[in-house]
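As written, the chains take the letters A, B and C, and residue 1 is the first residue of each chain.
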Amino acid sequence: MGKRFSGLAAIGAAGLLAVTATVPAAAQDKTSIEMIAAQYTDAMQPYFDDLASRFMEANPDIDVTVQVVNWNDIDQVVTTRIATGEPPDIANLNYFAAFAADDLLYTADQIVDEATLSDLIQGFRDNSKYDGVEYAVPDLASDRLFFYNQDILDAAGVEPPTNWSEVKAVCQAILDTQPGIVPLALPLGPEEAQAEFLIWAGGNGGQYFDGQNWVVNSPQNLETLNFLQELVDMGCTQPNPGSFNRTDGAFALFASGVVGMLNGAIFLPGELENTYESDVNWGVTPFPAADGKESITLGVQDYFFGFKKDGNQEAIQKFMSFLFQPDNYAAFLDAAGGFLPATVSAGESMSDDPFLKPFIEVLPSAIFYPSDQAAWGAVQGAIQDNIGAAFVPGADKQAILDQINAVGEEG
Amino acid sequence: MRSAGAGLRAPSIRKALLTGLGALVAFFFMAPYIQMLITALTPSKELYTVPAQYLPSHLEFFNFVSVWEKAPLWGYLRSSLIISVFATLLVLLVAMPAAYYTARYRYRGRLLFLLLVLITQMFAPTALVIGIYREFVTIGDTFPPAGINTYLSLILVNAAFNLAFSTWIMVAYFSTIPVELEEAASIDGASRLGVLRRITLPLALPGIITATIFTFIAAWNEFVVALTLAQSPDIHPLTVGVTTFIGQYRVEWQYLFTSSLIAIVPVVILFIVIEKWLVGGLTAGSIK
Amino acid sequence: MTETTRPTGPALDPGGLEPRRRPRLPDLGPLPWIGPALLLIFGVVLWPAFEMLRTSFLDISMSGLAKGFTGLDNYQRLFADPDLPGIMIRTLVWVVVVVGVTILVSLGLAALLNAAFPGRRLVRWALIVPWAASVVMTATVWRWMLDGFYGIVNRMLYDLGILATPVNDWLGDPGSAFYWLMFVAIFVSLPFTTYVLLAGLQSIPQDIYEAARVDGASGWRSYQSITLPLLRPALLVAAIINMINVFNQFPIIWAMTKGGPGSLTDTTTTHMYKLAFQLADVGQSAAMAVVNFAVILLFVLLYLRIVDWRRA
């Protein structure tokens, strides 16, 4: 089209070629593996970069890249990769069974060495099975306790509640004595609604999956929703629980001393101290259950799992076993910030931590998500999206529960 | 430059009113970013106060320094610049000839071309992300420099998805330049290229500049495709890089906003530099 | 395609007034000019678009693997969703209100920025900031400002006496949340729309206004009969681009309410994203994407029809 444009085109082409010279060259005779890891904190990427480079020094024939993605986006990234037939080699997510169901994964003994496998806590290993076979290994775990603000409860003249009736009574007492304080924070927004709801539901004997069928819409769960609605109507909770999350709402409110009670987790004390620098006088107690029912705690674990591809199994196993070496694993837990270890050995070295003690004590009564069900990933998404809608005025709670249940049944 | 309807008797009152209105408008559009700045300078302990406070007890300017250590911002900036600059150049390179020809000549298939361009604008990269990923895996198998995890793939995607707007706007601009102007210049002895350079391009400059800015900003702020195609942190642009401050249990608002403000700066600089061409570039009294 | 009688350019002049202007290369017609554009479009945009269409007819498992052809099953499930009508109505409201208000306000802003007054330059620069900032960040900071407990908006309204209490959960209540979402969408669309219209205003030669004034027309009259008609190409581009961008808008809703609670602030675009990446139903999501495309295409073609675009 003339000298000007061909000149421009030449510059453009040269520029593009120069820029593409930054593409890493395909390694010869090297196995390359790629991991997608979850961003627990912003210390994860530096941790993995360091781990990978030390591993590569020790294993010059293996190339490792780790991409750390934050929890908001990791589902999208992993789904895209799998949908295009390009899964990573290792993934770190909070569900795995759907991939196992499609026969995409290695078994647990193929991705870590024998020593690591036998060091993993049995309870978590049991929760990493699909169809009776262990496909994933636990990376870390948390469990939960009921947190309360001692000063607020003292000012209201009440003790921490032990069952649902007492929860109502404590709420009322706080409302009467301290207007402007939120007695109970109820984060049922998309961030971790599946946890929040299961804690309350579990206290009523309800669950998501009973071993045979999806029972998200069971009568006990409806009762739980109705109980929570009563609390909302009383003014016990912050408005609009369906749009309220922990990370940008409940925790911060608790930290600034505006909330009386809250479902908290093992990492909350660390957050209160380090992130929020809070001077709230907090205490913990087991979760209040429905009158006459057993108190539970919710155990949550995430997973590492490996995707079957030609020639990567050995590399995966070496890298994962390297990660689980005591020093590296301790650094992992440290970077992730305040979680329970998945290995017995790491647990032992942390057991004299006074903060951890109450959390470790309730671990035996832990209930877990049904992550051995292939449809769990989708059901989790459905709960996150929809359970909050149950609190919009005029909502049909049963229909919402049915809708969520249907996602499980279809899967 | 007077707008239509100029003619009020008291120009200074008018100007004062306009300046006042302008100030309000400017404040309205800057308000959220002023808030961003305030939050960026807030010590983390004071982020969550109920009710909110207008200003923190002291301004933590150090946040602007520590953010560079918390995340590799230089690297992110560099990536964003590479992707945006080349995507913009590519769009101009491709769209200008197409727009010029389409504006000038009623060739067979012209309408179809315009409709095709319009249709591409309707596809959002977010909707197509899976297909885009698959596509670049395939491309990468035969031509690695444009595969997954390369700058070139991001440049191509950003260019392709912004092509439509740039083409449309330049067609519109080229069309408003009367042919007589070009013919007049030709008759005066200018070569085709000279006509282009001296008459057409200067007149269409506002449109070209608009297309440049639009494409640059769109590429600078693109997120979903960058997240998916750019796996290694070395080539993460800013949009992906700042998500590092969104942890699982807390959001580091002050760093998030600090890095967002840093990300705005290059674009604003580009705009300030280019703005005078946007404003100028008009010949008064075109056909004598 | 019909040839028009309007003189269109040297190359179609049958007589060949200027032999020098005949192209030196064999006349390939439009190809060398529009070729690269076509290549980019087909190569990078249409290819994934066809993929999306194909995927909508496939059965995709929960982990994302394609399991085979399944006909219209995805579409059936999509339309059987009881939330869908609400989502579609909301999307319609979303597009009409946001685009309409944006264009009206932009006309005013463009006129303002075209007038001469001290400080005009600064106002123009201020207007560029929302455009320069990523939409995700703008939506995030608005979300921060509108937060029920920590947001500065509540604090201000309370101090001004408009609100009774300093806590007001704007974004939690789906009714009020949707208005705020539209407000933010308008906020981010105003800058570039204003600039498009401003550029249009500036390409109007001033002698036309002189001539009109000589004839006795001025002010509002000349705005109506001169400015607006001459702004048609710019208005057309602004309207269509806005329609498309607003319809496809994702980050604002996602960052501020994630379409919640439930689907009560979802548009078809966020719903499509949720289907694929939260509900692990890539097939149904692809069906939604196809429907979305058909809808926006319809919207735009209808609009073009209404304004009779060929006159532009």
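To be clear about the criterion, contacts are C-beta pairs under 8 Å (C-beta built on N, C-alpha and C of every residue); 3 or more make two chains touch, one makes a residue touch a chain.
Nothing here was measured: the structure is a model prediction, and the numbers come from that model.
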Over the chains that touch one another, what is the least number of steps taking chain B to chain C? 1
Ranking chain pairs by contacts, what comes out on top? B-C
Where the CA atoms of chain B average out and where those of chain C average out, how many Å apart are those spots? 14
Please compute the C-alpha centroid of chain A, do the same for chain C, then give the distance between them in whole Å. 36
Mind pulling the chain C residues that touch 2 or more other chains? 32-33, 147, 149-150, 167, 273, 276, 282
Flagged in chain A as touching 2+ other chains are 1, 76, 79-80, 83, 248, 252-253, 258
Residues of chain B touching 2+ other chains? 47-50, 90, 93, 97, 130, 134, 192, 224
For chain B, which residues count as touching chain A in their complex? 44-45, 47-50, 70-71, 82, 86, 89-90, 93, 96-97, 129-130, 133-134, 137, 144-152, 155, 192-193, 196-197, 224, 227-228, 231-235, 243-252
Contact set on chain C toward chain B in their complex: 1, 3-4, 7-12, 18, 20-21, 29-30, 32-34, 36-38, 40-41, 43-52, 55, 109, 111-112, 114-138, 140-142, 144-145, 147, 149-152, 154-155, 158, 166-167, 187, 190-192, 195-196, 199, 201-203, 205-207, 209, 213, 218-220, 222-223, 226-227, 233-234, 236-237, 240-241, 244, 248, 250-251, 269, 272-273, 276, 282, 289, 292-293, 296-297, 300, 312
Chain A contact footprint on chain C (complex, rising order): 32-33, 60-66, 82, 147-150, 167, 169, 171-174, 177, 257-264, 273-274, 276-282
Residues of chain A defined as touching chain B within the complex: 1-5, 8-9, 12, 15-17, 19-20, 22-24, 26, 34, 38-42, 45, 49, 65, 67-73, 76-77, 79-81, 83-86, 246-248, 251-253, 255-256, 258, 267, 271, 275-277, 337
Which of the residues in chain A come into contact with chain C in the complex? 1, 75-76, 79-80, 82-83, 98-99, 101-102, 104, 189-190, 238-240, 242-244, 248-249, 252-253, 258, 374-375, 377-378, 381-382, 384-386, 388-389, 391-392, 395, 400, 403, 407, 411
